[in-house]
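Each of the next two complexes has chain A plus one more chain, namely chain B in the first and chain C in the second.
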Partner chain A sequence: MSEIKVEEKQVNTEHHENKKPREKLFHITKRLDVSLKYKIILRVVSILVALVVCAIVLFIFKPGKFGAFFKESFNSLFGSTNKFFNILYEFAFLLGIAIAILPCFKMKFWNLGGEGQVLMGCLGAALVSKYVGPHVPNFICIILMIICAMIAGGLWAFIPAFFKARFDTNETLFTLMMNYIAMGIVEFTVQLVDPTHGSFAGLTSGVYHTSTNISILISFIVVSVLTVFMYVYLNYTKHGYELSVVGETRNTAKYIGINVKTVIIRTAIICGCLAGIMGYLVVAKQTSINKDIIGGKGFTSVMIAWLGHMNVIEIVIMAFLVAFISRGSNQVSTKLGLSGSFVQISIAVFLLTILAFEFFLNYEVHFNKQLFSKKKKLEEVKE
Partner chain B sequence: MKKELVLQLKNISKTFGKVKANSNVSLDLYNGEILSLLGENGSGKTSLMNILAGIYFPDSGSIEINGESVSITSPKDAYKYKIGMVHQHFKLVDTFTAVENVVIGLDSRFNKEKRKALYTEIESRYDNPLGCANSYDEEVELKKARKLTGFDLKEASNEINNICNTFGFVLDPKKHVCDMSVSEKQTLEIIKTLYRGVDILILDEPTAVLTPQEIEKLFNVIRNMKLAGKSIIIITHKLNEVMEISDRITVLRKGELVGTVNKTDTSIEQLTEMMVGQKTELNIERSEPKGAEKLLEVKDLCVKNVFGNEVINNVSFDLKEGEILGIAGISGNGQKELLEAIAGVQPIANGEVIYHRQKKNKPVSFFHKSLKQIKRLANEGVFHDLNGKPVSLENVPNKEIKTQVKAGEILFNENETMYLKGKNPREIRELGIHLAFVPEDRLGMGLVGTMNINENMMLRSYRKGKGPFLNFKRPRDTAQSIITKLEVATPSANVQVKKLSGGNVQKVLVGREIAYAPSVFMVAYPVRGLDINSSYTIYNLLNKQKENGVGIIYVGEDLDVLLALADRILVLCNGKVSGIVDARKINKKQLGALMLGESL
Partner chain C sequence: MFALLLCEAFLLTPIFLFGSTGETLTEKSGHLNLGTPGTICVGGAGGMIGVAVYDSICGGFANSNPFLTFMFVLFFALLFGALSGLLFSFFTVSLRCNQNVMGLAYTTFGIGFYGLIATLVNRPDGFLNQYCGTISRLFMTRSEAPNGFCEIFLSHGLLFYLSFVIAIVVAVVLKRTRVGLFVRTVGENAGSADAAGIDVSKYRYITTIIGCSISALAGLYYFVEINNGLVEFKNIDAYGWLAVALVIFTLWKTDLGILGAILFAFLFKLPEIYGLPSASLNILFQYLPYFVTVVILVIISMVNKKAVQAPANLGIPYFREER
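Moving on, here comes the complex of A and B:
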């Protein structure tokens, strides 16, 4: 048998000798140091390319309308006060949830349950508004709503965190499934309380302002405060330090005596409470609740947190861009008579393009200059 | 045998980012010779060999095999040119058997062709070329042949046994990798390359994880391969092994070629000079341990791993101040668990870890003791005065005693014992015990790779100070002083630790633990993968700590260093103590026997 092997090998080498030695056209190396300047330039380029790709997608649906995407998008931003506030609301909403799940992500606790935690916050706030609201002054109602929303959201984050800490269950699946349970609970409660409308429509207590624009502004301010709080919490406090150590390596955390279980549960509860506050803001603005009130923004926020590299400042920028694309493509689809799915497609294409550009952040491509010059020379000779 | 040039590297250069791993390195290799590639850490030995093995692609330069210029773009290419490499960290699949690991990655087309040959053979035997069976027997045989999918493990096993017999290996092809010792894994890696028919074998630090006896065995095998006409390149730090095994020696320094010498024309001193650039003293200074006070006492310690197996079994020893206790043993015999159990990282199943805090010259006070007690203790000779002379309070009036006590003139030495079992590192720290620990896994346990040097300094001390906020100033100062004192090569303290080279990572970790002002200092393999200069920096640091009265536990793998550095050596074998010996009175052979569990 071994003779056969040897023969084959000879065939192989002969075969190889006929070929010219292969040379690589390019090779890829990992980047060690990335300068801030390069990072910023790459980001700007990736955003511009992403916008162009979105426009190309529109071009596929509506040939000849390449420029319409840019025109309508910017129109949605600066077109009118109401449009601007709409973007502001979308921005505050996305940013708020992204900030809420950020500490979990920094701890590498993949909390996909932002959607459910916000929804539970909504439910808590709505129940207080409906049943306690009429009997107490408005500002007490607001405080009670916030507290109740925080408890509900916190509980919804505590459950998966407890199982993660105690039994090391997979938090990704757990939090994801908790979303659907939350939706079920909301649906059930709504049917129980208000079967005619199918929602707690027309809540009056606990609403901080009747004017929509001003209430959006207040939401925005609250989210800004939360963002600053989170920035300080993650970067300048002992808790923030502990959770990033736990996120990086469990062994190091054990080595310096951090109680990993406590940190996991504590951080998850903080995430849940912040999500609960977002839930209150939603109820206060919409004055109603149903199971689809979040509309998948919890998942979009996961991507925002991820593409923002768990960095608060980058997350703010990403959230604004996604809000801009979302409202812009919404405007485009109504103007040009496209279906609502166009909004989803644009957001997906936008995020995907930016994700693709991450490659150049982590890797460097070296082209084989010699090979190129050789080819050129060959061409010259042929000519 | 005629010496023929089989391999030539010409002016190879390779850069990673800004780091020049190799610049203009040239190298020749003849058949039937053993070439040692010698150099300090980071001198580009492994990168150069990785280029040869197809893992990296050179930026410039050319490779010639048997006089023909080739380009190697993948490990598969390398095997095509009959080059095989055994990496320092083995590339084996734990849950597979030896044979499966050998055939994995081989071209399955080879097997298909073999199967086809089997079909034609059966068909011709039954004289029926149509492909459908004419008789029952033929059908059965064809069915059997069809079932032969994947690899023919039986034949591969035979082939492995052949290789073993030819070169003198011992390996059971059916054994699972997870059940193998390090030495067996290495054997398997070598067989893997031989099975693929290599003529040029590269071994990356093959002796780093072996006992003296196993090293001897490996060298015999290498010599057999040399006699069979194969060329072997050995990457190593260890000079005495170089002198023992190699025919020629190529020395690299900082990515550049220093020169190639014949073994017969050179000496250890010359090689050291070539490696380091200047002559360094190869002796480690060892002072006599000063104090005799017990610092740490480990009694009948048992530790279980996650599967419930005892990895540390009834280990007892004590550590005195100002001594270095070396721990020897083949890696994986409980060294890691022992240190982690003492540090509070691993739970202790049974036994005690007792810390003795010696408080010297502590003034006695009426807060703790009554006048009567003080008088009684004075009679027992517990107290001494400011000059260290014993104090006896007999016939001294009570008033006089009171004034003396209040003035703090009556002193005593106290031995406070603390039990560390069941305490986590934070609780140990809060007891005021400075237990420094440099774990084996630097980036996985001792440091956080993605954090910068400043933030890593905070690991031990971040809890200090009141309030929820971190103090950034002190860690920054510590980081700066470590960078300057230990000459850490880094652009700034804001660089992520994982981006530093192995030696610098180790310096940061050891520096932080020393900055913690330890009283007990445990280090595991602190010089693993470090070059000579960095190693000596670490040895000197440890000796300095020893002179300051720190008790040091040093887990090492280089027996020469252990013998030269430690005062006593504890040998672990299968989680049990096989001996605690005086390092000044024992030799390497005896130590090797203890490591294998034999008694002296």
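Moving on, here comes the complex of A and C:
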């Protein structure tokens, strides 16, 4: 008891000492409606600032090379046909995964498992190509590969979605762990089937045998079709409407008669199937599989989908920019003799800068003008 | 054989323990920091920079003092960890950005940063290796009898024991003290905490900065004790995700985290030491911790008891005017 009294006394004395209530320098309010013009201007500014920040980071590690970042990046885009196709492949890859996981995000289902779902798709496709491929015509093999990849990817998305719908299990952590389980399964299978190479190197059936550039072009076309499909699916179908309602508020969805559990599971399976198709495309181009074949692009795509505000058009732009930064900084690092890790740094810095600018999109800062004027008055009095 | 396994497993334990202790502390205040693998990498990079700075100050390995080296390395790892925490909380508390996106971006950054610093700092004469050798021998009590009690429990560097001490201290602070209660309140219901006069932003900033500093020590430990100053890293980010998994596995309790970390290290090292019948089974065994974590995650959601759940406001940025 006595201790509490002492505390109270202290509190009282403190209170008397600062009689004046503290006034804050600024306060923050939420922006309720944002005009399209403001949005576009902010986006353009944030992208430009992000590019400059990337160049500054390069400047820190290689003093005197501020302009090199821009020069080499644009060189990587327009330098030669091969370089352009490299960017195109990276773009298609990132966009495809981002589009695949998009419905989940729209439903506020944090699917961080894009990496694992694509990887399982790769595994499904590669297994079919290895075991069924030699015995059937090529086009049947391709169809079988795609179906198998979709099943594998869909299954990998279904598992967390089922537990989310049934027991409300935390899907962020669940899907994250599923990525690594998928890696384990791939490594295990590869070791079991093909211990000498450590990858199914030299798959022949159901994969592109044309030149690399044509195979990239095919991937790009498939991804474009998927993108258009997703745009229509989200904006003009009943499913798309249902999943956005579930994302906004669960209870509203329940009251208007949407079966929330079904929607969650269905959407996740669609995500997984699309990721599986991406897996097929990867295997078809690389003609092999190993556990690092996705190389963290699943996570990058999560950031792209979020920073694209779950809007297909914005996602396309974001994916292109990230592909541009990625290939550009790759070129920079090889030209200037930096390590390849610079690519990861510049992608992260670019995304972080854009993320920081999100604040100005959602919130408005009001400076306390009275306080400023009061301070001025006080200063005047003192003088 | 078993003693060797124990010894190896104990050697690996602090990575998981540092990582999960830091992450638990952060998560208790309502921050899901997926940047932990990145923070671990940045901590390791901090260690490298610490060695390089000390090397340039004392002018060569011949004049160096192991204790001072240790202090430099520790200081830089903690500094970089704290900066990571500051950045993370600036983005998520002040700018109210999405924590998952921020965390993933920071992980990407951290892995890149480690690689870049490694190539910038490393020299062909292997000075990092020399320095790390002196640090890890600094507080070591070498036993005479191999595979004995001393080998298993007393033959490690100071950082090893520090990880256990920190885990226990964090557990006691969170469970028994007033500050710990406030931290938990902020994580469970930031609105009520604010109404009770707790400064939510301040608590989130401080816990995240301290948590990230602790996580960064995992990277330092990896660099100094396990890699012995070699800059190549294979799976430091995989260790990081395991540390995040460990937080769930131990139900957000750092004292349980000690046992969990030992178990994870045990599972990780078991196939390597004993050698299972086939190489593919070895691989499957190494991924067992992730699977176990998923099972735990499902079980705690089935049980639906508050005591075992994640903090209720985990991952939700707090904005006072949004109520």
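Going forward, the second predicted complex is superposed on the first by the 335 of 383 C-alpha atoms of A that agree within 3 Å, B and C clash if a C-alpha of one lies under 4 Å from a C-alpha of the other, contacts with A are read in each partner's own complex, and residues count from 1 in each chain.
Keep this in mind: a contact is a pair of C-beta atoms (placed from the backbone, for glycine too) under 8 Å apart; a residue touches a chain by one contact, two chains touch by 3 or more.
Predicted model, so just to flag it, every value in this text is computed and none were measured.
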Practice task
Could you tell me if A:Asn213 is touching chain B, chain C, both of them or neither one (first, second, both, neither)?
Solution key: neither
Exercise for the section: Applying the touch criterion given at the start, work out whether A:Thr29 contacts chain B, chain C, both or neither, answering first, second, both or neither. Expected result: both
Exercise for the section: Tell me which partner A:Met178 touches in the superposition: chain B (first), chain C (second), both or neither. Expected result: second
Exercise for the section: Examine A:Ser224 and indicate which partner it touches, taking first as chain B and second as chain C; both and neither are also allowed. Expected result: neither
Practice task
Check whether chain B or chain C contacts more residues of chain A in the superposed model.
Solution key: C
Practice task
Would you check which partner chain A:His239 touches, where first means chain B only, second means chain C only, and both and neither mean what they say?
Solution key: first
Practice task
Under the contact definition given at the top, report the residues of chain A touching chain B in one complex and chain C in the other.
Solution key: 29
Handout entry: chain A-facing residues of chain B, complex
Key = 16-19, 57, 59, 69-71, 73, 77, 80, 110, 113-114, 155, 159, 197, 343-345, 424-429, 437, 439, 441, 443-451, 455, 458-460, 462-463, 468-470, 499
Handout entry: chain B-touching residues of chain A, taken from the complex the two chains share
Key = 1-2, 4-5, 8-9, 12-13, 16, 21-24, 27, 29, 31-33, 236-242, 244-245, 248-249, 251-252, 254-259, 366
Problem - chain C contact footprint on chain A (complex, rising order) - result: 28-30, 61, 110, 112, 163, 167-170, 172-174, 176-178, 180-181, 183-185, 187-189, 191-192, 195, 296, 299-300, 302-303, 306-307, 338-345, 347-349, 351-352, 355-356, 358-359, 362-363
Completion exercise
The residues of chain C that touch chain A in their complex are 32, 34, 91, 95-98, 100-102, 104-109, 111-116, 118-120, 238, 241, 244-245, 248, 278-280, 283-284, 286-287, 290-291, 293-294, 297-298, 301-302, 304, 310, 315, 319, 321-322
